[in-house]
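As structure tokens, the structure follows; a few thoughts come after it.
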Amino acid sequence: MISAGWILPALVAAPAILAGLSLLARSPRAALRVGAAATAALALAAGCAVAQVFLHGPLQCAGGWFYLDALSAYHLAILMLVFVLCSCFAIVYFREEIAAGHFTRKLARRYQSLWFGSLAAMNLVLVSNNLGVMWVGVEATTLLSAFLICIHASPQALEAMWKYLLMCSVGVALAFAGILLLAATASTSLSGHDALLWTRLMNPAVTLNPMLVKVAFIFLVVGFGTKAGLAPMHSWLPDAHSQSPSPVSAMFSGILLTTAMYGILRYIPLVERATGNTGWGREVLVALGLLSVLVGAAFVIGQQDVKRLLAYSSVENMGIITLGIGLGGVGVYAALLHTLNNSLCKSVSFCCAGRIGQIYGSLDMRRIKGMLKVSPLWGGGLLAGLMALIGVAPFALFISEFLTVRAAWNQAAYWPMGLLLFGLGLVFIGVLRKAIPMAWEPPESAPKPLRTYRAEALLVWTPLALLLLLGLWIPRPLGAMIAQAAAVLGVTP
Amino acid sequence: MSIWNFSYAVLGLLLAPLLPGITNRTKAVFAGRHGQPLLQTYYDLAKLLRKGAVYSRTTSWVFRLAPPGGLACLVVALFLVPAGDFAAPLAFPGDLILLAYLLGLMRFMTVCAALDTGSSFEGMGASREVQFSALTEPALILGLAALAYATGSFSLSGIFGGVTRPDWLQVGPALVLVAAALLIVFLAENSRIPVDDPNTHLELTMIHEVMILDYSGPDLAFILYGASLKLWLLGALLVNIFLPLTGRSGPLQIACLVAGMFVVAVVTGVIESVMARLSLLKVPQLLVGAAALSVLGFVLMLRYAL
Amino acid sequence: MTPILTALAIWLATGVLCLAFAKRPRLVQVIGPAGAVLGSLPALFAASRALLCGSVWTLHLPWPLPGANFVIGMDAISAFFTLPIVLICALAAIYGREYLRPYEGRKALGTSWCMFNLLAASMLLVVLARNGVLFLLAWEAMSLSSFFLVMFEGEKTEVRRAGWTYLVATHIGTAFLLVMFVLLGQPTGSLDFDGFGRIAGTPALASLAFVLAVVGFGTKAGFMPLHVWLPEAHPAAPSHVSAVMSGVMIKTGIYGLLRTLLWLGPPPLWWGYLLVAIGVVSGVLGVLFALAQHDLKRLLAYHSVENIGIIVLGLGIGLIGLGSHHPLVAALGFAGGLLHVVNHAIFKSLLFMGAGSVLHATGSRELDQLGGLLKSMPSTGATFLAGAAAISGLPPLNGFVSEFLIYFAAFGLLGASGIPVVLAALAAIVSLALIGGLAAACFTKAFGTIFLGEARSSQAEHAHEAGPCMRAPPILLAALCLTIGVTAPFVIGVLKPVVNQLAGTTDLGDWTGAAALPLAVVACVGVGLLALFCILAAVRAMLPARRMTNEAVTWDCGYIAPTPRMQYTASSFADPLTRFFGAVLGTHRKFSGPRGFFPDSASYSTETPDMSRERLYKPVFIAVERAMSKFRWIQHGRLNLYILYIVLTLLALLTWKLGKS
Amino acid sequence: MNAWTDIMLVVLILTTFWLLGSSRLASCIRICAIQGVATGLLGVVGGGITIRVAAISLAVIVLKGLAFPWLLSRALRESNTSHEVQPFVGYVASLLVGVVILGLSFWADSCLPSLSHVASRLVVPVAFALLIAGLFLIVARKTAVNQVLGYLVMENGIYTFGFGVVREIPALVELGVLMDVFVAVFVMGIAIYRINRTFDHIDSDQLTLLKG
């Protein structure tokens, strides 16, 4: 087998270079189009790497600094999927703004450059083996994406950006403290670079002080949890999601949170081993996961802004993922599947919500009425997305939620199961109560529908069809991928 | 199966119109009047059958369907009623339910026919009819269920053949309660005082009579005859309880039972003479009371069974 | 199994085709119904073969979905429930084709037919599924497709409310099923139905599963007080859909309950008591609420609750019979409940079709707007009357047969030892009697107000009979009502394998023999009744008086010109009963009496909202929403405090997780 | 060499207390600069000076001692709002909290298993104290500039911990971290600038348009 390791640094370097090149874009339209094409090409390359991982095992290069195993490859695949989707959607989303002159060349250059920067940073998170570098990547995503929120500087957007910036920076700084603690205990047996290399830390010969690992893990969970939007550290999330342009919201919700979550996932096997597989760390995750589900549910009810609604649903879904990981066993499988489902579903929902917002000139759900008639494509997409989000079968989220419930029962975690079902029920009721009038209530004055091209339908229906498919049939390779990723987390099917 | 199995039903078909006559004569005696001839109902029927009919333009075939339909129900039901030892011709386990539902079918048709006239009066009567019958039906079935529990059989023939003199000695109080309930059901179903007054036609308080206001001629004859059959039918249940004649010879039993029917008619007349019709709002209470009596009887029997 | 797969394929394919050709309503109106009918034929064939020839099969296909296998199977119970599903779906599709014609070009008929065929397919899958995940997916697909069917006229406020209530209720029910399947699947680690029987080993878990099943399936079936969605959704849906939903879809809940019972081992007595209690409550309250309604379809929907109550009563008696070792009682109870499933499917869809035709002809579902339609819509009126008589349980129609069996079983229990058993039987008997009387009251009201008397509005006056496609299915169904009624002894033979399967290991003996005699007499009496009626009618016709018939206005005690407005209305007809049960119903009365010397207007109206909605769910929902909104202050917008949350979480976790060590 | 490390650590603590008690934004920035320099020196005085340590220390001193203060002062100068620290928690109370934080840090340190190769016994508690005090500053101060300063104090705490405890951290990671912190402050500076331009204040307490 030829070494495919070179592809890993390229996955970071190429978007970084593209970020620079984007500053030279000739026109906004070109910036977006070339951006989408380049993202697609990158996705192909990443796809090759992912395939390599699942066919031939983990990839490594640069002396073990870059490392791609099943867990990160799975996340990488999701990441590229979301980025391709959002890049394509950006072309549609900004079309009216370009025409109206709101999205100038300067803005487009900045936007596209930050976009690629974020991509590079997230790729860095996923492909680096060094926990410190991974942290650098997470912090970099915060900093680069912060300005994406306020591409259009409105007071609200600025406020959202400031909150995002400060909360995530503080949170991630705490995570760094955790990493240092871990390195401190590891450096008794490992030296130099090795103390932060995940593969070395996973070496069974390495003994870690359980107490320090516990403290480190709590710092890490709180730190990365802030970025992942776990309650009660989620406060930045609805603001940032609702104020950014929709492609950015979609990207945030679809992958940014997941990347931070990935940060937590990496530490789970370490903690499990250090604490003697007592499930100590999982309890933390179960608690935070449940809290997120309930907080998400509480805020979904009575929400008026459609993007905020989706944002709280993200809190809830990250809660479900955390809960699944925390429950262990089949729950890990469920959580990983849910990660994919949530990413797909959230990005398409945000895209549709953004477009619907453009059509109605408002994101207030009391003003969005009869969207099925007004815009069958985007309205239908949003309705389907919302339905999928609340776990209506046969969309895939139903399956992953069912598996989470099953995991809870198998672990005899009856209270968490009950609370999870309660939360899911609340979200269902809350979202449906908004979705039905949005879809069917006759509008007082019909807003003029925006121009829709046939190809745009692909953007909406492909991910939804995929979700539907995943709810009915999980292709064997994908199942194997998830199983391998779960194996990294110490779960054998 | 012998001739005696059929005799009671056939006698019923022949003698039923006599019952209203006896009741009316009793009432007349109480009122100090001479009263109608005993055979008055026969005369009425004969006259009506010869007359023509007037139909409202509002009515449809539903209106015309009710008289023969209702009569058919009652005739069939009559063949479900046993006579002492002799099982009814159609006796089978569960026939008491068929009996109740045949009455229900008849009522369904009558009520629909009443509504078919589009008259507010007939609608009112129909409304009351369904209200009261919805309450009598549980009382009837409960009463029969109590008897079924006591006798361990759930065919009318088994039940009434099973009520024996020893039963009266053992569970007499319970039987009295059930019989009282059945008496109320008898009065209510046949639209007698204290539930309804068969003699009023133009008052706002009537039930059965007002439903058939628009009938005339042969249709009315069918209905009148049907009403007599219903008296016979439900009266027979009462008689069967009070006359535990098992083991006697056939003619004696039948004779006693027919005599018993006449006694029931007399008792009805007595009740109608000494009581006033209840206020309509109180009728449901009476009917629920009947159901309560049945339940009480049932509970008493449960106690005895232990 | 080929016919079943063919049926599923046809339904799914035509469903997709309908969606694909959504822009051409005419074409869709052909493909959709044709697909529904064509698909039902092979399924009907397969089900009857399984039921009559006992050909039982299962099909295993690998299915890459966690916990899932594509396992479908046909056994007696599945076949038995398949029959009404395919029958009613096919007839409703024929009916729907004409019913939907006025909407051509105005509404998304493509979606509607797609969902209709999906609904048919998913219902079939529900009764055939032999794997938990497959079952749940089919179950949810069924809910979702029927939700979209309900939302057909989503621009109306009440329809949106209905859709919301429906989906929420059904989803909450599904949550219980989710837990139940997880529970059942735990001992073997597989969600295939084969292994679920293991649960019988631990009675406590079996009881838990039973309760979960009662709640989960009861929500779909419409057990009081889980029925709230029913009186909302059924009126909101187009009538052919109401027919399917009320006729067969809610029966999948009964199917699920029965299927669960098969796994749970010998039932303890209290399961039977629970079911009898549910049956009594659903039956009596269902019919009472029906009585208080003046919207025809709402009234019919409440009757579904009532009839589900009767079915559950039968099943409960059956369970008590099993538990107290009365095999005959068990057999008769189950048989009665099962037969009522089919019977209710037949007459309820018949009645909903009738309601649809009335709605189609007059544009109104308000009873008090209608009247005298029997003359303008003779076919619809006659079939509606047959349905009304059947649902009131009157002989010689099918409703009587199933109620008779349940009575029969309950009377059989009277001889049992043990006071609770006897009291349960007594409760069943009393409530059946009460239900019978009240149902008759309700349907005389409905039929009388709609079809008899004089028209109360101009729409009713100008009503016209529906077309052939809307007339034929009700006629067929009415004929079925009578057929089942008079062929009951043979029908019971069809039930035999189903009941025997339900009894599990208990040997029921030759129960059909015991039931056949009474049923034979009942059937004979039915035929005799018809014959006697014909004779009497002939006698009546031959009487010489026939020649002297006159026509006049209604006598009405001397009124010269009675007007239609003077007729008794539906509300006033039901008023004595609704007042009598006023404490339960909570009817709102609005009355403004005549005032002054020359009063010009007076009005009186009643409205009976659903008790459990108003007094149970609404307060709970409001309380939960209030409780949840209390949390909302945590998102107050102050960044400092947000960061404080992070710090506090950190500290809380540190003290919680490290404080112990 | 321990003595020098301890002195630096004490400087860190003292500057933190000073910061907690200061009322003028400009002086807060200056104090922070001093603390930054002290943090940088910590690396140099702590042990054998390698090129790596020297380079990083230099970078820290330049960034934290010069670049950040300059950036923040600029942001402050261009804002036309009050140059007062606007505390939620008063200065005296803040100082008291600082004392409590310090006490808590020492207690927490005693709870943790001792790390074998710590440069000084003071390192861990001081790092904790800085971390928590930084968080406290973010929570208890209204102006955005002050929150950035809080973030920097926190960062200093983490850096102290890193340098004191995990001396072998590879330079690349450290530089990456440093780079991120630099960008963070840079971005925050720009954000403050834009907030000031849009809202006419840099009072983060008043940024409450988004809620619920």
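As written, the chain order gives the labels A, B, C and D, with residue 1 at the start of each chain.
Simple rule for what comes next: a residue touches a chain if its C-beta (ideal position, glycine included) is under 8 Å from a C-beta of that chain, and two chains touch if they have at least 3 such contacts.
For clarity, every value in this text was computed on a predicted model and none was experimentally measured.
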**OP:** Hop across touching chains from subunit A and tell me the fewest hops that reach subunit B.
**Re:** 2
Original post:
Which chain is in the middle, if each chain's centre is the mean of its C-alpha atoms?
Top reply: C
Original post:
With chain centres defined as C-alpha means, what is the inter-centre distance between subunit B and subunit C in Å?
Top reply: 36
**OP:** List the centre-to-centre spacing of subunit A and subunit D in whole Å, with centres computed as mean CA coordinates.
**Re:** 31
**OP:** Averaging only over C-alpha atoms, locate the centres of subunit C and subunit D and give their separation in whole Å.
**Re:** 69
Subject >> subunit A-subunit C separation of Cα centroids, rounded to whole Å >> reply: 44
Original post:
Residue numbers in subunit D touching 2 or more other chains?
Top reply: 135, 138, 147, 204, 207-210, 212
Subject >> Multi-chain contact sites of subunit C, meaning residues that touch two or more partners >> reply: 632, 635, 639, 643, 646, 658
Subject >> Of all residues in subunit A, the ones touching two or more other chains >> reply: 162-163, 166, 170, 211, 215, 238, 299
**OP:** Give the pairs of chains that touch; include all such pairs.
**Re:** A-C, A-D, B-C, C-D
Subject >> Of subunit C, residues touching subunit B in the complex >> reply: 371-372, 374-375, 385, 389, 392-395, 400, 404, 407-408, 411-412, 414-415, 419, 422, 426, 429-430, 432-434, 436-438, 440-441, 443-445, 447-449, 452-454, 517-518, 521-522, 525, 528-529, 532-533, 536-537, 539-540, 543-545, 547-557, 562, 564, 566-568, 572-577, 580
**OP:** Enumerate the contact residues on subunit D facing subunit C in the complex.
**Re:** 88, 111, 132, 135, 138-142, 147, 204-205, 207-212
Original post:
Where on subunit A is subunit C touching in the complex?
Top reply: 162-163, 166-167, 170-171, 174, 211, 214-215, 218-219, 221-222, 225-226, 232-233, 235-236, 238, 280, 283-284, 295, 297-299, 301-302, 330, 333-334, 337, 370, 372, 387, 392-394, 398-399, 402-403, 405-406, 409-410, 417, 421, 424-426, 428-429, 432-433, 436-437, 439-442, 471-476, 479
**OP:** Would you tell me which residues of subunit D are touching subunit A in their complex?
**Re:** 112-113, 115-117, 131, 135, 138, 144, 147, 151, 154-155, 157-158, 161-162, 165-166, 168-170, 172-173, 176-177, 179-180, 183-184, 187-188, 191, 194-195, 198-199, 204, 207-210, 212
Original post:
Within the complex, which stretch of subunit C touches subunit A?
Top reply: 63-67, 133, 136-137, 139-141, 144, 151, 154-155, 157, 159-160, 163-164, 167-168, 171-172, 175, 178-179, 182-183, 185-186, 621, 624-625, 628-629, 631-632, 634-635, 639, 642-643, 645-646, 648-650, 653-654, 657-658, 661
